[in-house]
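Okay, so here's the structure we're looking at.
Lettered A, B and C in written order, each chain numbered from 1.
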């Protein structure tokens, strides 16, 4: 008899990623990063130095037993575990990410809890799962009491932000973002595709994917972490440039632009590496974003603008020194 | 690209595998009071245990499809809650009484090894793997009722809390077992307590849960197996200090592996509440997924059924009295 | 920077004045949060004119957040969600102005250890996002005052600069009460020291704002007889002596907001429009608010005396 713990195939995977600047004066080195992300005594933090410093915590599980969000109002109860992890990029950008997979059908009654624990990251519906409606419900945002994986990502973030390694002196002001995602099965024979990337509200992004059924949920989560990281970088640098008064008003305080833009140079510009950790199957999903609106194109334009501003300031400073006031 | 030629070992998880028997039979626990009652107590115990061990062996053979089942036996000595006598005195007596009853002890373990083995804080690591069973309505908000150091099989009575001004306090409500069928058997298990100096003492049920995980081959530390058996050279004696005795000692060099797909413990009935607590704990521990997969994989190849739920891999025989 | 708005009594104009200060700071380009810790009567929504947006605060306001019932408190973007016609067009180069309301129908509640940790979490997160965070506190020696005193003494909050504004009206009772709130047995200073604050540092971070102050020098018009004017000047003089005796004299006053008729009728934000085109508000009021807002971060007005 085959063991019963083989995971039934998922017809929906969904998750949410929180991305924020690490509130610490100095970026954490790889050893401190491992200390911050050591969520468990018996599992090591995964550390990687190529192509950039990256640390990822062991996964933690949270039990859930609640209705699923759904666009058509059906209240399908589901039971299982949501898996969550945290990642730190270049010791500077902290992400927490929670996700789960849902099979097409489940038992009519809740099983003993131990049976859910041997399938981490799976949330099983009681009965049949209307996966298209639930995917829309997830992306529209859960109603109170519905499954909310964002709360789990937020809980982990809160826990990490309380860590004594953090001195709470962030080098500049920024806003965290949330990226909510849902992945549905692709048509048979089709490869993965990114159906929609939406800037929903100030801080909320939603991503809708189609993927072959054998795609690992952890690979999906890694892809979405990567999308969230780069979207956060874009958002943060856009806002930084937005807050700088250039041109005529800048003449009153020529140092203001430098003070405002310098943190981007010190902390952010070297973090841009789309797709660096994404699995080979899912890496092509970056292509549509690069095509329109062109994430990297916008990034490079901003990098250029920041460099120009700083150069301009240097030139002006030299100019002032060369021609002392009469 | 993660599948490329370039690899970083610190960036990849791995899990060491351990050899597995079909069944691990526990022949008993030895506490100070048992020891103080003299060899007669052990003699009576082993006499009670003997027929049940035979039955467990037979059942394992049937389950293995009539082939030879790999069965190992073990015995646990408490050196954690009380320290008594010395290994040099206790172990030979223990072995002699087992032999007199026709039983062989393959592996001998010290209970403190379930708390800390070498430098590995085993109990602490297991405690960090608790995933509480969610009562209906758990939708992702932090569990509000989590009690540090306690684990229940359901929802506790709400703690009366000072309500907001001009709002009514909630009246008493009974606790509720999550898996209850109509009526609850609610159990709240103390996992540990800390003394005034912050020194933590793990509870007997919690260490027993760790012990069961060890016997099921499911304990890992950073992917490495923990509580692995150390060989004992036949004919040599036993040390005078418990700390000098390996936490898990292999007494019979021809024994089947210590860890097994299933466990069976033969115990006096007074252990029933403790073992109920063990089930409540094991039902809420997320064991190392790598270790779990290895067991599933190997049992699948051997065409041996292993229950999905870890708690269901345990069985007991309780005998009356003594 | 954190700015705590406290008062011993109700009716001091604490909420409406601090809301106006928040508005003024946002106009100058700061990103500003306004946090309603007036747990007994969470009404900041009225000042910012965002009643419609309050529906979400029914179960997700600050009460629910601190009690652990919700993970993230509702935030209301004032520029976007206000029903005040003048505020809706967000002025160019202004910063964000975000209101964190209490629960509708929320009441005073005893705050415990967990609420304190959550309060610290919230203030730290806001600090990483906003330039100035106004925290409006329930009047008197309240749980809210207690909680933020403990929070600002918390090890995780060491890096956060904070300042206190104590609002009071310009009457004998109010002067004595405001002094008591800061200096008396269970006042902010002693309470702060008990929770781990350095007394001198804490005292250096407290300033007073006199609100709804009638102008004794006002030309005696038809409503004010010369006898009344003389009496008012004497009163003003006596109040100054009283304030100095109670250690809340001019040297620790950050600003004075004149008696403003429209604020007597309605708690609202005073815009340039109200002064210039419709002329329903006095120029002096607006100037006083602008000046206090500016002084909040001007170190020459703070520190030990």
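Rule of thumb we're sticking to: a contact is a pair of C-beta atoms (placed from the backbone, for glycine too) under 8 Å apart; a residue touches a chain by one contact, two chains touch by 3 or more.
Being a predicted model, the structure only gives us computed values, none of them experimental.
Engineer: So which has more C-beta pairs touching, B-C or A-B?
Structural biologist: Spelling it out, more C-beta pairs touch across A-B than across the other pair.
Engineer: Kindly work out which chain lies most centrally, taking the average of its C-alpha atoms as its position.
Structural biologist: When every chain is reduced to its C-alpha mean, the one closest to the whole-protein mean is A.
Engineer: Between chain A and chain C, what distance separates the C-alpha centroids? Give it in angstrom.
Structural biologist: Measuring from centre to centre gives 37 Å for this pair.
Engineer: Using the average of all C-alpha atoms in each chain as its centre, how far is it in Å between chain A and chain B?
Structural biologist: That pair's centroid distance is 38 Å.
Engineer: Counting in whole Å, what is the centre-to-centre distance of chain B and chain C, each centre being its mean C-alpha position?
Structural biologist: Computed value for the inter-centroid distance: 58 Å.
Engineer: Among the residues of chain B, which are close enough to touch at least two other chains?
Structural biologist: Only 141-142 qualify.
Engineer: Counting only residues that touch at least 2 other chains, which ones in chain A make the list?
Structural biologist: 151, 155
Engineer: What are the residue numbers in chain C that touch two or more other chains?
Structural biologist: 71
Engineer: Over in the complex, which chain A residues touch chain C? Could you list them?
Structural biologist: Of all residues in chain A, those touching chain C are 20-21, 23, 144, 151, 154-155, 158, 161-162, 164, 167-170, 173-176, 202, 243, 245.
Engineer: Quick one: in the complex, what on chain A touches chain B?
Structural biologist: Answer in residue numbers: 1-6, 39-44, 46-50, 61-67, 77, 79, 81-82, 98, 110, 112-115, 117-118, 120, 142, 145-152, 155, 277-280, 283.
Engineer: In the complex of these two chains, what residues of chain C are touching chain B?
Structural biologist: Answer in residue numbers: 39-40, 63, 68-71, 106-110.
Engineer: Within the complex, which stretch of chain B touches chain C?
Structural biologist: Within the complex, chain B touches chain C at residues 141-142, 144, 162-167.
Engineer: With touch defined as at the start, can you tell me which chain C residues reach chain A in the complex?
Structural biologist: My answer: residues 29, 31, 59, 71-72, 77, 93, 117, 121, 124-125, 127-131, 155-160.
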